[in-house]
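In what follows, a single structure is set out as structure tokens and then discussed.
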Amino acid sequence: MHMANELLSLPVAAGTFAIATAGLGLICRKAGRIISTDKLALMGILGAFVFAGQMVNFQLPGMPGTSGHMVGAVLLTIVLGPHLAAIVMSSVVIVQCLIFQDGGLLALGCNIINMALVPCYIGYFLYRAFTAGRASSLRVYVGTMLACLVSIEAGAILVPVQAALAGVLAVPFSTFLITMVGVHLLVGFVEGMITVAVLGYMRQVRPDIIVDSLPGGARLSRSAVLGTLAAFAIITGAGLSLLASDLPDGLEWSYAERPDQPGFEPAVANADSTIAAVDRFQSKYSPLPDYSVRTSQFGELPHEAAEVSTGWTSFAGVLGSAITMALIWLTARILRKKRSSVA
Amino acid sequence: MTKAIEIENFSYAYPDGTIALSDVNLGVEHGEKIALIGPNGAGKSTLLLVMAGFVRGTGKVKIDGLEVNRANLRSIRACLGACLENPEDQLFMPTLFDDVAFGPLNMGLSHEEISKRVADALQTVGLPGMGDKAPHHLSAGQKRAAAIATVLSMDPKIITLDEPDGSLDPRNRNNLVRLLKRLSQTLVIATCNMNFAAALADRAVLVNKGRVVAEGDAGKIMRDLQLMVEHGLEVPGIHFS
Amino acid sequence: MHHAHIDKFAYQDSPVHRLDSRVKLVVVLVFTAVVVSLPRTSLSILACYAVGPFAILVWAGIPLRFTFKQILLVSPFVLVLALSCPLYDRTPAAVAFGPFSWRLTLGWMRCFAILAKFIVTMLALIALVSTTRFSDLLAGLQKLGLPRVLVIQLGFLYRYIFVLIDRAQHILRARAGRKLRNLGLKAELKIAGAMLGSLFIRSIDTAEHIDTAMQARGFDGKWRTLAKLRIRTADCVFASAAAAFIFTLYFFLKPLLQ
């Protein structure tokens, strides 16, 4: 769910970047005051742990070939508290971009908000809300599950919202939203289970680590797992059937194929008009307006000649670029050969 | 003249009550190379942490004449460089240069002095000009050498090394022996590899179950078959140079 | 997949590698912003923009195979979304391209534009990160105002990713060696929980050791670093050349290609 540059427009990218920078700056200032020196190494290592932890996958039942893995935000927020966890998760997102090229440079703001700031704070406050006061094993379990589900959903919902604001995609907002929510329901559920399992293990092996940050115990008992599975199935089933009744499956339906369906056109018109409105807003206020969109409806253009000449210039542009790149590549190759033969 | 390390009647128990060190007495002269030998879990690492001021118990510990206490900690750490068991823990900065410069920076030296010290330390351990490398691009032997460079750059009088031969192949171990022999500092080396200890140390201190069992000339102690076997060790075989 | 040598090209040497990290970062940021703001329907200008990062990659000696493999690796999410465009936007459009012309839908145009922009901006990002050591990038980011806590955090994170990924791989191998069939959700979760838990505990132990190593070298809570960055003539030349490239294309070539 890494946001990419191309799904954003400049104003949205700049806006989210500003929000992320301001938020992170505030958090860092706050953390600078509460952080103790021995936490520095711990935070760094736990960031690396999130990477390594994402490699530990496990088979999901009933879905051969698919496997789940941990995201880690809620585990960190339980152990480190929301401020430090937000810094750690932000650094994870930055490294994913700058070393593994996951997520674009311009989308960094979006990704920090969606995958670090929002999950850490929502996760922490949900977990706290359930375990504050007296923390029974059940409360820890439910709190962790809910924290994982809601925090991941919240981050996932923001992706289509940002994409819709940018207006680059043709996918209707509602379809994108439903797909993201559906997929991340599963991700959040897996995250909840695995976080509880990890907390349970640590409580058994090294209770001293989490003793002051985690009151009560988290256990993965058979009844708890079965109960959660059942609740999950009911919620998913109910949700899906509700959605299915008035909104067909996002990836299957399209305008041209089913123009006859009732209750379908308003949804599209709605989504389209929002996107169009955002488009108008953008072309009005963006520093580099996207002005060619409306003139690009080639089918309606009466000037056949103008169109052909556009075709030829763009052909020349592409061809010229390709030749330039080939030349650069060849020159470098020859130079390198020469150098290695000299040496 | 003061001794490099002086430990008198030192005892320490872990928070859970397990006794780690009991009634340890140890003196190390300046310029000596001491091997701290003993089986796993004997208390060697804990003893090294005591010298560096990380573990405090009952008894007296003096480093270069300075008593180890909170007030003296800064001077102690400038005087005694502790090399941890795992180079991965010792090398925590993104580049080798930053890592070797970390100690001198904390000592408040000038930037020219720091650059010079880093270059010298890397030269000494056989990694000249590798300051721009990232630790994860180094080999096991290079990591070990780099870990030693991180304390060398602080120019300490004493260096403690915890199992520096761990997971090194014979060639790398040989290189390490040669490197350590070249150093003029007082060395305290904890190891359970008797060949390694015999190749390096003038004096050996045998530690087991938190007590100093025997101490004296390295050759004499390590050739005492009965003593060594009794404490789960072995007599060194081939001596390498 | 994400092996420990993903950043090995950053440690090569070339004129590009020697450029100041701040200059490269800002140039790539501006480049990405301009490319993203290009019109959706004009693909040819994107091909022109691709020349820039391509030239830098070649000049710096980064293998193109590695570059394209890396792009492919991170593409799935964008690919799915781009490919969904033709399903929703079926406004017909006539496309003329040199001697060829055919009928398409605007959805396909959007799809191609998204993918082309993705490839071009990825080329730029890879050109940045595979010619810049992460430590230099960090030093640059700090100079550009990244909070110190975050700089320290990123430094540790970068250092220990590779250590912990190694450990995780060992643990995974240990499981693969003993687990011969699917054990059902509860057992699978319990095993994964134990694996992650032990990884977590070892991480915390490592952190304690690092803290010891830091204190042993006189760390007192004040983080000190040596600044090594310096803007040289080469950096200024590069910045001007990049700016000339980006804005010449934008203001002169783009109107021609409309």
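All chains are identified by letter, namely A, B and C, in their written order; residue positions are counted from 1 within each chain.
One rule holds in what follows: a residue touches a chain if its C-beta (ideal position, glycine included) is under 8 Å from a C-beta of that chain, and two chains touch if they have at least 3 such contacts.
Computed from a predicted model, the values in this text were never measured in an experiment.
Chemist: Highest contact-pair count belongs to which two chains?
Modeler: After counting contacts between each pair of chains, the winner is A-C.
Chemist: Average the C-alpha coordinates of each chain, average all protein C-alpha coordinates together, and give the chain whose average is closest to the overall one.
Modeler: C
Chemist: Which chain has its C-alpha centre farthest away from the C-alpha centre of subunit B?
Modeler: A
Chemist: Rounded to the nearest whole Å, what is the centre-to-centre distance of subunit B and subunit C, using the mean of the C-alpha atoms as each centre?
Modeler: 41
Chemist: What whole-number Å value describes the gap between the mean CA coordinates of subunit A and subunit B?
Modeler: Using C-alpha averages as centres, the distance is 47 Å.
Chemist: Just how far, in Å, is the C-alpha centre of subunit C from the one of subunit A?
Modeler: About 16 Å separates the centre of subunit A from that of subunit C.
Chemist: Give the residues of subunit C touching no fewer than two other chains, as numbers and ranges.
Modeler: 7, 134, 155-156, 158-160, 163, 206, 210, 214, 219-220 - these are the residues of subunit C that touch more than one other chain.
Chemist: Mark out which residues of subunit B touch at least two other chains, giving numbers and ranges.
Modeler: 92
Chemist: Provide the list of subunit A residues touching at least two other chains, using ranges where the numbers run on.
Modeler: 41
Chemist: Which residues of subunit C touch subunit A in their complex?
Modeler: Touch residues, subunit C against subunit A: 2, 6-7, 28-29, 32-37, 39-45, 47-48, 50-51, 54-55, 58-59, 61, 64, 70-71, 73-74, 77-78, 81-82, 84-101, 103, 106-107, 109-110, 114-115, 117-118, 121-122, 124-126, 128-129, 134, 137, 147-150, 152-161, 163-165, 167-169, 171-172, 182, 184-186, 188-201, 203-204, 206-208, 210-211, 214, 219-221, 223, 253, 256-258.
Chemist: Considering only the defined contacts, which subunit A positions touch subunit C in the complex?
Modeler: 1-2, 4-10, 13, 24-25, 28-29, 31-32, 35, 37-38, 40-49, 51-53, 55-61, 70, 75, 87-88, 90-92, 94-95, 97-106, 163, 168-172, 175, 193-194, 196-198, 200-202, 205-206, 209, 220, 222, 225, 229, 251, 254-256, 286-288, 290-293, 296-299, 301, 307-308, 310-322, 324-325, 328-329, 332, 336
Chemist: Considering only the defined contacts, which subunit B positions touch subunit C in the complex?
Modeler: 49, 52, 54, 74, 77-78, 81-82, 84, 86, 88-95, 98, 101-103, 105-107, 111, 114-115, 132-137, 150-151, 154
Chemist: Give the list of subunit C residues in touch with subunit B in this complex.
Modeler: 4-5, 7-8, 11, 133-135, 138, 155-156, 158-160, 162-163, 206, 209-210, 212-220, 222, 224-226
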